[in-house]
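Pasting a structure here, questions to come.
Labels run A, B and C following the written order; every chain starts at residue 1.
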């Protein structure tokens, strides 16, 4: 099997260049727009190059899980809409969509940036469930980072709807939002040959050896990780990739502050 | 009881504010955005492309497949559960029937033209907005079409005949309401989608279809401009 | 006397009445409805004598006999190869059209063209059901190695090639790249990293501005300006 594009990418790396002329650890233009849709309780639209995603939040009141009676929770869904790429089909979430959703979820949940106790309405009876849905509008590569960024930005912009007499009035938004103690940011670092890049576009994604998605907090503490790709990583690879992930997260975080 | 003024100050035959843009999804073969009031539709066309499984193929021409879907956060009320529902399946079908009459797919035997319509935000009139976006996306994809298709909801609220019912008018409770989504080929005046919920007399229906024709012609001008503006530098 | 509602280089939208009267003729992208000539595609108006036609601005590649295209091998069989053509229809390359060398029956065909190989071939036949046959026997037809391939709208290929190849030659000279343009919208480029990038940016510019006038001069200016910047960067 011939993978010409991978050979060409590696050849370009030796001149410190990528297919589109970027440097190896350079992101495409990143744009974050809060409150992208008026019907969601919180929303954000993120564009990374031509990749375009919208995250929207809907809240529901429900009974707490039995093992955490005074805590609310979050749920993350990702829809790889067939609108966004010739490779996606309509139907139930693929393994790819589920992985993406779970990685975004872990980055937020494990960071403890959101105190789930603040989502409690009445202990043992009523809690807020914050549901984040990320929909892909155009897939031009690096959906992980775009989805995670959109999710955290949407959380930042969220305002609770009015809750009176056991009913939610979605049409009335309160001033109360979520208290986020920090902003966990996810960066996916990719290994091709013996070099590392960030923000792979669609062509580069076809040629990857391995990827490591790293979620980190403002002080560099790691809060979630996920390795993907068909090939293994060495210890040195992992250390290098984690370093790149933390550094790039600091840059991306500025866009959501 | 009479419906004196529209709840948002519009004239009875006036649509909500419309915004349209073509070529908004780079990966698609054709795409468009159509926003009317707070209802915001995206449409993407992929095709003609390979069609599997084989038994779906038509050796005499390409087939059209439409998929209408609302994003989970697009409703001003509860979250919309992801996945298809009976409602979205029906709307996908009538959307396909609304677009097919003006399309010529005879040059693409055994292939499929897929149209995907998605909504980040809905507030009444979504199937019509979806059809408007889809027609633009099909043209943007370079497909052969006799005409575009424009669509809008018409109907009656109490004693008045109106164009483009918004959410409050659809759920008006002080008198009878009829909600009639209508789509047509604007240059030929031929109707390709007609549905109705509510109560209306046949005389009122005749009048309201005329109002719809005029509104669709105006919408066509907006669609036309959006397609032409795509190529302005 | 026909009333013509449009002028050259206007953008036409399906359903638009381009001309009224029986003296005008409907060309590509238009049709006659009674007295009217109506646009049936999104395209650029071109008045050619009494014929009104459209230059298409978009649309997937539909194979035509005689076209030179760039394909990828997606399947290797016993007596030939199946190729992806960047469109809804695949193509067949049979053993007898593959090479002027002798191929023994039962030979391992991957020795000649393997899965994933990109080749420049020529379409010999297209049936009404759009079954496509290609050949590798002919001048310039070959397996591609090295370089990279970008996708452009197949409708823009004539502009990218230019009259008698003048546009693509201008890009080749300025960037010192080898460039092969397939009618199916795939373009192969091989050169140094900066030069490849310049060739690609230039081609993208042609794609975007292909419907505007003065394109050749604009592109020449663009290439000159960017070659200068390249030199000063070094």
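Heads up, the rule we're going with is that a contact is a pair of C-beta atoms (placed from the backbone, for glycine too) under 8 Å apart; a residue touches a chain by one contact, two chains touch by 3 or more.
Remember, it's a predicted structure, so these values are computed and weren't measured experimentally.
Ranking every chain by how far its Cα centroid lies from the centroid of chain C, the top place goes to A. For the pairs A-B and A-C, the count of C-beta pairs in contact is higher at A-B.
Distance between chain A and chain B, defined via averaged C-alpha coordinates, is recorded as 32 Å. Our note on geometry: chain A versus chain C, Cα centroid distance of 38 Å, whole angstroms. Annotation for chain B: residues touching 2 or more other chains are 49. Touching two or more other chains at once is no residue of chain A. Across the interface of their complex, chain A is touched by residues 25-28, 38, 40, 42-44, 46, 49, 67, 69, 71-79, 82-84, 114, 116-118, 120-123 of chain B.
Taken together, the chain A residues at the contact with chain B in this complex read 36-41, 43, 50, 52, 54, 56-58, 60, 77, 79, 81-86, 90, 92-93, 131, 133, 135, 137-140, 170-171, 202. Listing the residues of chain C that touch chain B in their complex gives 11, 13-17, 31, 38, 40-42, 56-60, 62, 87-89, 128-130, 155, 208-209, 211-212.
Those residues of chain B lying in contact with chain C across their complex are 29-30, 47-50, 59, 102, 104, 107-111, 139-148, 185-187, 220, 223-224, 227-228, 231, 233.
Put simply, chain C touches chain A in their complex at residues 114-118, 144-149, 193-194, 197.
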